[in-house]
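Going by the order they are written in, the chains are A, B and C; count residues from 1 in each one.
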Amino acid sequence: MPLIEFADFSFKYLGADSLALRKVDLNIEEGEYVVLTGPSGCGKTTLCRAINGLVPQFHRGYIAGNVIVDGKNTREHNVAELAPIAGLVFQQPENQLVTLNVEREIAFGPENLGVERKEIRRRVEELIDMLDLEHLREKHPHEMSGGEQQRVAMAATLALKPKVLVADEPTSNLDPQSAVTILDLIADLNRRDMTVVLVEHRLDLVSKDASRVVLMDKGSIVADGEPREVLSMDLCQEIGVGIPKATQIYKRLKQRGFNLDKVPLTGAELATLVQEVKQR
Amino acid sequence: MIFLENVHFAYDGLYTALRGVSLQIDEGELIAIVGSNGAGKTTLVKHLNGLLRPDLGRVILDGVDTKHNSVAELAREIGLVMQNPDHQLFLDSVEREVLFGLENLGYSKVEAKERCERTLNNLGLEGLSERSPFTLSGGERKRVALASVLATEPRVLSLDEPTIGQDARQKENLAKMLGELNKKGKAVIVVTHDIEFVIENFPRTVAMADGRIVADGPTNSVLSNNEVLERCSLTRPQLTEAARCLHNVFPEVPERLTLIDDLEAVVVKILGGG
Amino acid sequence: MSFLEVFQYTRQDSVIHKLDPRAKLFMSIVLAVVALMFLAIIPLLIIFCCLVPIIGAAKSLRRWSRSMRGLSILLIFIIIFNTLLSTQPNPFSHSLALTLRLVALMTSFSVFFLTVHPDELSQALIQMRVRFEFAFAMSMAMRYVPTLGQEAYAIMDAQKARGVELDKGNLLKRIRNIVPIIVPLIIVSIRRALSIAESMESRGFGANATRTYMNVLKFRKRDWAVVTVSLLVLVFVVYVRIFVPLPTWMLWQLPI
């Protein structure tokens, strides 16, 4: 049974003119690293919200089809019940830090769910250690950089021990190096068997770690598969998704009749592939 | 046209943000300012239109020190579009929002109307002129905020993080529009983290760190310089990475390379040359 | 506004900081009540002399004295006005005593606010049977008020850059100029509130399960000691005030 199952799911926000999601069918298995991308307004954020029940429980609207997460239908369970299954990280780190120090922030989720005190303390210490937050322990959100805030927000979400981490453009307000730190952390979590759904525009930074890329446009899924396969489709340019430069070069070379052995996703990969062809 | 001369600035006199910045901006330039958060980029552009005044040093416009000019006066010459469009939109239609800035700067009703229409057309917003900005999407609101500044046709347009939250297509459109403005002789300055956007559209890059300018020159050489990338919390562009790796095997490949056409040509030469 | 600093929590490692907020609240109230019971210079000076070491124990003397200096102009103003307008037999001594009492009151409460972290305060309220939602709303306000301030500045900058002249024109124009600041501020705050709510909801806020708390405040021996001493002081002072007339040296007034 897949961990997340969208079955013919459609959603329209209250007061909106058009569907935010139309007839989405999507299965995500445990351990996958899914990168979700598409032009602005394509429904990525709504899809994330549907995974933990924010849609339709918090954001009301018209709904058709079902979303089943770890065997639970999101129509029938409230967001709090789904919180230990799907943890969401959002775009604005500021708005996710609701207390005045890091320890309390991490404890906030488990406290809400009534986890035992000793266990909360254990999780807080574990996450402070794992995400390297020791130096921030007593700090006020205002005393942290955006990247640090986002790391704390991740810890606060992970404290609920979710089975899937859903991150909706967690790096779009960060400088490139902080972004890389967050993305590396996400990749690392995935290597430790965490299922990941990540919405991201910077495909040049994430596609090398992803196991799957899902492309959305106008509320529907228009492509779904291996990163190398999806990113080399002409469809990407047609709907306005920026693919990695290395992949662009691959496509240009192909037009000129030079075939590389596989689709490169990073600069180093491109260099190696060119070298291999040359040596032949 | 604009000259910042050894500008120092500290917030509340305590938090130093600029430590002696000198920068010359000429008519018709396209300049990108890059650097990590807190490097002083936004502080710098706020000095151009007088939102902030230097503690030390001068800001000179057309040979005259601007210290006696009000922000409103400077705003006619130097437009600034802030990062968050929601910080400036407050009226109930897109058209009125654009007219507001024009009227503030003293344009007549007729001329304001004409400029407004022209700008909305240019930005593809003509269909939305009657809509309330609050019902628009984030990308559209960003364009409305831009339109409201652009309509005043300043000689210098500075934009703070214009690409955040914009997809590839929207970025292309923005770049196209900035390019057209530039052809009309306007100077355009963007503050951004988006190096791909810089590489493709801005011939000159100013890199900042710790309140100082650490590099200022052709984008190609600034953004392929490892030390600059490191100090400004930037990541190496993929193409430069590829070029570096190729350079190790094929010495004829230039190590510093940022443009896709150049790399393509180089690779074709390697493969085709046999 | 530097005098407000004295009501702002500062991180310190001190005996007073370590006390239970409830004990400190009790102590502050007792100190304030005691100060309210006297209106003569000498007894208030004595109270004052007891307060200063407490501030010192909280390692906050510098901050406190800076705030008092910030306040001094206002205090002098109060003294002058009171002296001029007072109908008391010795107006100057009377207004001096009034001012001393004000400073003593402020200092008593500053002991509390200087040393109680807002999160601790809300925890104390919760343990005093205030509903979690209310206590948490209060600490959220503390968390986001500075953010709101920053936002207001950013909005002013954005509008000034469009040629709005905030500090020019007659009163009517100035009032009209507030609109381009207030409207975006409200809209931005609503958007932010929604986004915060979304994040809190996703972390189980308002779940049905009984909420637990990682840090529970515990009344230790030292807290009981503080409460006992405060109580004794209170009883003693009340007794003295009711049954013992103050010796004349305590009622000493300035000769003018």
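Convention: contacts are C-beta pairs under 8 Å (C-beta built on N, C-alpha and C of every residue); 3 or more make two chains touch, one makes a residue touch a chain.
From a predicted model like this one, the values you see are computed outputs, not experimental measurements.
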Shortest contact path, subunit A to subunit B, counted in steps: 1
Of all other chains, the one whose Cα centre sits farthest from subunit B: C
A-C compared against B-C, more contacting pairs: A-C
Chain centre separation in whole Å, for subunit B relative to subunit A (CA means): 29
CA centroid of subunit B to CA centroid of subunit C, Å: 44
In the complex with subunit B, residue positions of subunit C that touch it: 151, 154-155, 157-165, 179-180, 183-184, 187-188, 191
Complex interface listing, subunit A residues touching subunit C: 49, 52, 54, 58, 78-81, 83-84, 87-88, 90, 92, 94-101, 103-104, 107-117, 120-121, 124, 138, 141-142, 153, 156-157, 160
Subunit A-touching residues of subunit C, taken from the complex the two chains share: 11, 117-119, 139-140, 142-143, 146-147, 192, 195-216
Contacting residues of subunit B [partner subunit A, same complex]: 36-38, 137-139, 164-172, 193, 195-196, 233-246, 249-250, 260, 263-264, 267-268, 270-272
Residues of subunit A defined as touching subunit B within the complex: 38-41, 145-146, 172-180, 201, 204-205, 239-242, 244-246, 248-249, 252-253, 256, 258, 266-268, 270-272, 274-275, 277-278
